[in-house]
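Questions regarding the structure given below will be posed in turn.
Going in written order, the chains are labelled A, B, C and D, and every chain counts its residues from 1.
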Amino acid sequence: MTIATAASGVIPPVCTPLTPAHEVDTASLTRLVDHLLDGGVDGLFVLGSSSETAFLTDGHRRTVLDTVIGHVAGQVPVLAGVIDMTTPRVLDHVRAAVAAGADALVATAPFYTLTSPAEIAVHFRTIAARAGLPLYAYDLPVSVHTKLDAALVLDLAAEGVLTGIKDSSGNEAALREVLLGRRDRGIASFSVLTGSELTVDTALWMGADGVVPGLGNIDPHGYTRLFHAASKGDWTTARDEQERLFRLYDLVKVARGRMGGGSSALGAFKAALHLRGVIDHPTTAPPQIPLNAEETARVAEHLTGAGLL
Amino acid sequence: MTIATAASGVIPPVCTPLTPAHEVDTASLTRLVDHLLDGGVDGLFVLGSSSETAFLTDGHRRTVLDTVIGHVAGQVPVLAGVIDMTTPRVLDHVRAAVAAGADALVATAPFYTLTSPAEIAVHFRTIAARAGLPLYAYDLPVSVHTKLDAALVLDLAAEGVLTGIKDSSGNEAALREVLLGRRDRGIASFSVLTGSELTVDTALWMGADGVVPGLGNIDPHGYTRLFHAASKGDWTTARDEQERLFRLYDLVKVARGRMGGGSSALGAFKAALHLRGVIDHPTTAPPQIPLNAEETARVAEHLTGAGLL
Amino acid sequence: MTIATAASGVIPPVCTPLTPAHEVDTASLTRLVDHLLDGGVDGLFVLGSSSETAFLTDGHRRTVLDTVIGHVAGQVPVLAGVIDMTTPRVLDHVRAAVAAGADALVATAPFYTLTSPAEIAVHFRTIAARAGLPLYAYDLPVSVHTKLDAALVLDLAAEGVLTGIKDSSGNEAALREVLLGRRDRGIASFSVLTGSELTVDTALWMGADGVVPGLGNIDPHGYTRLFHAASKGDWTTARDEQERLFRLYDLVKVARGRMGGGSSALGAFKAALHLRGVIDHPTTAPPQIPLNAEETARVAEHLTGAGLL
Amino acid sequence: MTIATAASGVIPPVCTPLTPAHEVDTASLTRLVDHLLDGGVDGLFVLGSSSETAFLTDGHRRTVLDTVIGHVAGQVPVLAGVIDMTTPRVLDHVRAAVAAGADALVATAPFYTLTSPAEIAVHFRTIAARAGLPLYAYDLPVSVHTKLDAALVLDLAAEGVLTGIKDSSGNEAALREVLLGRRDRGIASFSVLTGSELTVDTALWMGADGVVPGLGNIDPHGYTRLFHAASKGDWTTARDEQERLFRLYDLVKVARGRMGGGSSALGAFKAALHLRGVIDHPTTAPPQIPLNAEETARVAEHLTGAGLL
């Protein structure tokens, strides 16, 4: 299924369940996909940051693509991350994603290297020219250490290079600059998705088309209720739902201090999915440190508090 | 050839010549290796940052490994970079480097993800356990966005996990902390190499064992003269040579402002190698912008000024 | 006039008009105050970042306090910035502000020095204990290079140390953490003001009590319309007004690149006030570079486009 | 005493002893000055970062200036920090320092505000024009969040605006760029002092004229031995002395983690001066947290290890 128009709605970044031996747990992965589809999501984003894509070998990545695209079988579009340091390495991932039947691609600016805006433009143009699929820019300064400039994003959108953006910058004024620029310049079919799962109601209020919430793995129903309420103009319900999800998000802090913030968050997501019976193992990829029993118990409390256990 | 003891001397990070179609130019690469061996270098570091490793596909990386290791044929040790985001992806590069016959491996801390010191330790321990080859830590905060802690490095050295470090942090006090800590704790066979090509005389003076100079691609003879002078205790000659090389290094600035600092430096290095007749094309990998004619002419002036053209 | 309860509504950070000789232009300053009062603002914040407080000597600061507090004469509360590097220096400004009759104080975390959260708590507690006036924390990481932690802010609010916060961090998820934490912990009389003038509608929607908009100097009527619409639950009007102001804000970019972002913004604000006839000179404090004629003409175009000229 | 030529040698940044009530302890301050003069220092730098200048009110600063300049009575030059956010505020400190009889001034680039290189140049030019005293640039990116550009520093030196630089950036390649640029451009009477107290031998080896070591408060004799050895070309003795001082410097870490790095270092310096009997109280300025008994005991161990107790 190719996305004729740009993506919208709730498109969670799908966690990648692992076996204790650190292989992709495909049985758990298909259960997770079913859990998300049951939650009413509008699409799936595989191989994003919440998918631990930085920790997955090329072999793991192919297994994820084949498993999810095969299991979804066109029910919703599947966007595939093609995350790597620079254009040539990204193009290898593009070939794999296209071969697997992805509906769209998601790429960051170059990282590890020191590039400039002109080179970021070359990067996206080259990927789009080779891919033959809709391309989304992924703005994630916390990982990439570059903030995509709104004017550059809009130029690439107007050129047809970019089909959309997943904005995980947390910079809501910059998000609004893209949203107003899209309207003022009359750029049709450009999808603006927020990756900031704690300000979804306000992003939609400002004009965003959808959300890519990591927390949506745990509670997809919550995010689809939020989105549908906002779509109907029932903003108060949308805000109530967002505030409930905001409080639930506190579970990412259970192990902070004892490990990096990323490991704490991914570990808590997987512990929650394991506690809810969706995946078989809470295993995260090395070199991440696993949550201990006390931290896992606190994740359980958060789930109970949110009515999810 | 396995490195029985830790590496020392001049070990340039070998540039990766490319064809205009962005494939590895193996003929130029072997000429570059000969140029470096002729310069009297003590080892070669392939697939480092100056090798544009961030821009090379896995296929390109294998070609580089096979070409260089095959051509060197044991004359000097070849250290291979295994640069990627996290442990599982690094391990794939480890397997390729081991299969190709590398003498030692060079790995950074995880990047793109947010890790903690405890997880960085797991990372290096896992790589060392799997590799069966000497492992060097590569400290490059400008790319990795983490500074390796001196105490952690020394602990891993004392454990036998790390055989050495390539310190490109530019933090000379932290370098000295490793050097004094090595001595005070009596850690034998731990090699400390500086990647700061502009302060080599002082790094050696403080006790470093060698240098990994990107500029050594252009003027390996200069860096080996510097090292040999320092080894003999002729520090004045070492400083004079370093100051000459410092001025030559100015060529990295020719395109700064028009592109990123990395592209300007790598473009200038390749332009210089092309002008000196070592490689066939000054091509850099996408999405880097090529130097223009005026910038290339300024590189030529720098070479002429240094007596290299 | 002392603020019995915490501040709310539109409280612009008042620009500090200067003479060409770089003295405070008190005649222009009183006209600016009248312009803001005519705009219906709910309070005034003097000696904040938009007031160029970093560029004002202690003498200038006293002149500003005396001029504004004297002229306002209790019509609205006047909050006074006490911006300096550490506690002892801030306390000197506190004494001056109290003597001048300020209604409340606004202080940042320490800067220039490297402190810790525990020391930031000591800082605010010491100021509050000495001041005898309501104290607002000013969260401005772009200047202070520390982000105030939401949990610390809430603890200090619950203790009665802080009466409110001006959040200029641009981090809307962190703003929401304070807002929800205030509600969940039942902290009464704690005022949350956003300094992010481009996302005021959404900040109010999330529960913020007011806004401190630099751009409110130029168009106070716009911000009070926005606030009043939001207060009545007419969010569509609030958003329309915010989007109009968002486009107007583009004037801060007219000189970017030729000077620092701060100088470009402050220069554009003062040029706009001069063009609108509110202040006599567009002079900014040294070492800021003045806008040139072409840049000033572009400010005028922005004003015309917004119906303000 | 005015410095006819640029400063050189060992010029410690003088700590500011405080009473338990946080007033300047002038008796201890004069003892500290005597301790430093006894150590053979070549000048004194008051009101620098190690002097807790960021924590001193204007009144405290005047007391320090009067006490030290009066007590020194021309035996060595006294350089006075004029540290504040921007030009107008710095100029107020300049007036006070000139009135007190300082021999030279030391100023950073603007901080808290966002400036540009062109504005930094205006800043230093304005200060130099008003001061009528030699002006030193203070490069301290950890506090100022701007790195002074070597080319700009050299231009201002060639113009006669700057008499010298105190480089505390820790960037030894950039330090060398200034040193070689000074030589290549034939800039006479421009003094380059390193503030990096752990790499003094190598900075002198590269051509620096002197050092401004915070640790020199504790062990001035060590730093003057280091400098004199280097001056005579006895680099091995210089290095041995530096290595001994390097190990002593570890005392700054005794309280790290429990407080900010700055407070830990300043607290350890003052504890050491107190333990050595130089000052009456180890008090640091608020909001800094004091060292506890166990941390103080560890400072004592460091002193004993270095033969200073």
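Just a few scattered comments:
Throughout what follows, a contact is a pair of C-beta atoms (placed from the backbone, for glycine too) under 8 Å apart; a residue touches a chain by one contact, two chains touch by 3 or more.
These are the chains along with the protein names UniProt gives them: A, B, C, D = Dihydrodipicolinate synthase family protein.
Bear in mind the structure is a predicted one, so any value in this text is a computation, not a measurement.
Steps from chain B to chain C, taking the shortest chain of touch contacts, total 2. Under the contact definition stated at the top, the chains bordering both chain A and chain D are B, C. Chain pair with the larger contact count among A-C and C-D is C-D, by C-beta pairs in contact. Among the remaining chains, C is positioned farthest from chain B, on the basis of C-alpha centroids. One finds 35 Å separating the Cα centroids of chain C and chain D.
Residue positions of chain B with contacts to 2 or more other chains are absent. Every pair of chains in contact is given here: A-B, A-C, B-D, C-D. Across the complex, chain C meets chain A through its residues 170-173, 176-177, 180, 184, 196, 198-199, 201-202, 205-206, 235, 239, 243, 246-247.
By the touch criterion stated above, chain D contacts chain C in their complex at residues 22, 54-58, 60, 83, 85-89, 91-92, 110-116, 118-123, 126, 142-145, 258-263, 285-289.
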